[in-house]
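Next come two complexes built around chain A: one with chain B, the other with chain C.
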Partner chain A sequence: MPRLSDLSLTWYAALPNDRALVGALQQSLMIATITAVLATGMSLLAALAYFELRAQRTAWFLTVILPMFVPGVIQGLALSAVFTRSGIKASSLTVIAGHLLWAMPFAFIVILTSFAAVRRSYLTAAADLGATRWRQFVDITLPLIRPGLISAFIFSFLLSLNEFTRAFYLAGRQNTLPVVLFGKMNSGASPVIYAMSGTIFLVSVACVALASMHFMLRLKLSPAGRALR
Partner chain B sequence: MTGPRLPVSSVLMTPPLLTILALGLAPLTIVVVWSFWSWDPSTYWIKPDLSLAGYAGILEAGRWTVIVSTLVKAFGTALLCLLIAYPTAYAVHFLAGRRLSIILLALITIPFFTSYLIRSFSWRLVLGRTGVLNTWLQDLGITNAPVDWLLFSNFAVVVGLVASYLPFATFPLLLSMRRVDPTFLAAAQDLGAGFWKSLTSILLPLTMPGIFAGFLFVFVMVVGSSTEVQMLGGAGASIVSVMINDVMRVANYPLAFAISTIVLIVIFGLVLIGNRIFGLASLFEDQSP
Partner chain C sequence: MAISIQIDRVSREYGPVKALDDVSLDIKAGEFFTLLGSSGCGKSSLLKLIGGFDRQTSGRVAFDGKDVGDLPANKRPVNTVFQSLALFPHMRVAQNVGYGLRLKGLSGASLDTKINDALDLVELSGFGPRDVNLLSGGQRQRQLARALVMEPGILLLDEPLTGLDERLRQQMRDEFGRLHKRTGATFILVTHNQDEALSLSDRMAVMHKGRIEQVDSPARFFEAPANAFVARFVGIDTLLRPERIVSTGGQTEATVGGQTLQVRTQGTVDTAASIIAIRPDRLFVARQGLPHALTLTVVETTFRGLHRDLKLAFADGQTLVIAIEADTDIGQLSTGQQVPVGLKPDAAVLISSAGLPPAG
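Right after this comes the complex of A and B.
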């Protein structure tokens, strides 16, 4: 067992010199950002549609969340088969496609739960006062579900950043970070990968902490916070 | 509110629907279609055909036992997760104050957001022969020699799986507890019902959708898991995802997709039956009129 006095930042300092890891990290961050933007946007549309629908609600809900239940190996393998058949080369775009499908159901559920704050009567009142659908959306719905959108963005970002199985099948020449780490973990561990794992872990924790602090502040500041519980 | 209603929802639905069809349905169609194609072991080529060779391959080399043991593992892990998650969700929702409950929620969420890879790998450091747990056991004098079955065993796999997928059970349970009208519990208490009585006759029945959703989420995630088994399982340990991966080493798409088809039928069947009985969608719906 290592002692506390053995602690040092040597391997963290060595991180920037590991070209393979840094390249993979950049690739992962890029993919995660694009995935998060797309997944949040798409899920917002899906949730708004869900809000509008009446009879086909359950069918729409299942359609959006079903991809979540498809095991990563099957999804990654099948998508890569589709891409190869249609002549699309593996690249960061193909990884984003796989991650989008993976993150969307989660983002959708998060945004949907935040819709609990949107009372139909608010919208009816606005409509009675002459607000168009667009105005209702911008002035009422959007501010009420904003915490949901922020959480959905963070959710999708982290889901994509840490995703391994799909990226394994879909990545092009530049692998994502988890794929590179997996290779390194199985071929004799260098302490640098612990440092990298530690960094990713701390970044993830920081994201979650930021999000929950945001919620705490909202609870304190706004009476709308009551809707959260 | 006399404007045309349907077009709005259709317009909103189009982009996500197209994404799901292109990225979700198209690959699944390929999975089912290719599972009936034939594969030539000498060239590794596949060609369009209507053969059941892929499905026959499942019965060879004990592959079906891997499928069965995966389902058993998934069932057990899901039950274990529920046993741990129910008291957790209860504490967060009923016992903790608002501030504490947010902190607890954040703590519960963290494993969900950290890489499965990193977490599985870390368990090696905890459960290994020279790991934290074995060192403690020996320091406390409980054992003299390192306990071997802690790592690279089914025990380690189940520990890794429970740790990975616990949040998937906790969150649906929390959502279902939020939908329980607290006056029911207060009324039961007024009428003299003790903790166990109100738990079994009010809380458990009312949170059934959450219990089922939590079970389902964990079950499905375990069926699809691979890293935990690869990192923590013993020699020869397998699970469906690892088996598919192995089959793909020789590009045997028909066999890989035949296994996938069977797994997907089981999963989608469970989801649809569960939705019919418990109404999964209602868990996430807005409660406002």
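Right after this comes the complex of A and C.
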């Protein structure tokens, strides 16, 4: 049982020198960013298709969210088999492919929810005033679903950052952070991995605090916010 | 500036349902034209075709004689005031009003001037920087500024007054009339409200089941309804089936329940499919001994506030209703009493019985 006097920042100080962990963190952040960008973009396209479709809506919806229902181990293994068979080497790209499959259904649902703000009559009115389909999208649809896009981006980023099973099967030379942490835990852990977890936790809390402060400030300045009070 | 519209044998079918059935219509440039009908009669379908939001199954829609079938909504010289309002919630009032102009490439001072002029026109001066979501119902209704600022050749009004309280409705109605005079554009109003149609229109069309029953100036609908459906629709509820119709030298007389009355006719008369429409405002309770008066039996009287409804029956059971002033001195009327009824000139018109359910 450690005592209070055992508290120290030694392992935090040792963190930057642990090449394996820092490399894994960089890899994870890079993969999470690319996954988030791609998942948000593709989900936006999928949601637009859903908005335009009428009769085949349900079929399209189920198709897009289907990967959500496949267990991660099976998906990772299956993808790995498919990639090996077709001669594709495991790399960051294969991990991103696996993570896209994992994150896209969630991003799609989040964006679809935000489409509730887009009434068809707004688009008709814009067309009436001379807007082409593209201008309707840029001027009306995009601003209205922006909160959904931001949420979808954050959501897919976090889903990818924390993902273990698919990355375990699909990673190439450089493993992602969860895989590396898991490995270290099994082979007699050095307390550096706890320092890593602690750092990630603190940074996340700081990010959330900054974001809420930013939104509160904006609400205070906007006329809608003034009316709320 | 104003544009004329030619609708030529247009049909719009949704599967087996005909929303519009072979409709032809000419709307003159600068006219205030109203499409009147109950819901589902096809009036909104016709408006969509003019606005370019839908395509007809067959037929031709033309502006100033030029076919616009291939012109999408965003290229037509038409702007619409929508029933659903459809104000862009993420834009301020001024941005909403200026949206169409910005698409046209206008910016800076000339854009601001036009926006302010349009806001002045609908009496919303100074509302530009406001959030549209915070406007009151009546202020939102003035979204027509967004359409007017485009200076369209044709302005479509799709039931713009539904859901407003009575006072606001009248205020906006007057405003439409005023704006029509000021802009000189062709206005097309779709409504199921007769009052709006009658007070605003130069001409109006009564629609029913995808067809146009009659196109005329508002007054003509009362003088000469095209058929029984139109007569009922504009509030001529008294329709009598004649036993006999006799025409002698320009005069036509019809017999109802054994009594003869003078009727006005239009064109050729098909005696088998004709019915007598009687304008309630041209009937009066006569003094005893007036020539040409009908003698009818009182069925009931109903108190209506400013007037009383007197329901009278012919010998064969057909009834008519006369509105009498509450303080008319005709003594006590009891059920079963005989009353002489006089007809002012042109009170009775012989019309087609189309649209009337078969006699039961």
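Basically, the second predicted complex is superposed on the first by the 193 of 229 C-alpha atoms of A that agree within 3 Å, B and C clash if a C-alpha of one lies under 4 Å from a C-alpha of the other, contacts with A are read in each partner's own complex, and residues count from 1 in each chain.
Methods note: contacts are C-beta pairs under 8 Å (C-beta built on N, C-alpha and C of every residue); 3 or more make two chains touch, one makes a residue touch a chain.
Everything numeric in this text was worked out from a predicted model, so none of it was measured.
Of the two partner chains placed by the overlay, chain B and chain C both lie in contact with A:R119. In the superposition on chain A, the chain among chain B and chain C reaching more residues of chain A is B.
By the touch criterion defined above, A:V82 reaches chain B but does not reach chain C. Once the two complexes are laid over each other on the shared chain, residue contacts for A:Y12 go to neither chain B nor chain C. In the superposed model, A:F137 makes contact with neither chain B nor chain C.
In the superposition on chain A, A:A127 makes contact with both chain B and chain C. By the touch criterion defined above, A:M42 reaches chain B but does not reach chain C.
The residues of chain A shared by its contacts with chain B and with chain C are 119, 121, 124, 127. Against chain A, the residues of chain B that register as touching in their complex are 1, 3, 5, 8-10, 12-13, 15-17, 19-20, 23-24, 26-28, 30-31, 34, 98-99, 102-103, 105-106, 109-110, 113-118, 121-122, 130, 132, 135, 175, 178, 220, 223-227, 231, 240-241, 244-245, 248, 253, 256-257, 260, 263-264, 267-268, 271-272, 275, 279-281, 284-289. Touching chain B in their complex are the following residues of chain A: 1, 42-43, 45-46, 48-49, 51-53, 57-58, 60-64, 66-67, 69-75, 77-79, 81-82, 85, 97-98, 100-101, 104, 109, 112-113, 115-116, 118-121, 124, 127, 133, 155, 158-159, 161-162, 164-165, 178, 181-182, 185, 197, 200-201, 204-205, 207-209, 211-212, 215-216, 219, 229. By the touch rule above, chain C contacts chain A in their complex via residues 51, 53, 72-75, 78-80, 82, 84-90, 99-100, 103-104, 130-131, 133-134, 146-147, 150.
The residues of chain A lying in touch with chain C in their complex are 117, 119, 121-122, 124-132, 135, 139-140, 143-144, 223-224, 227.
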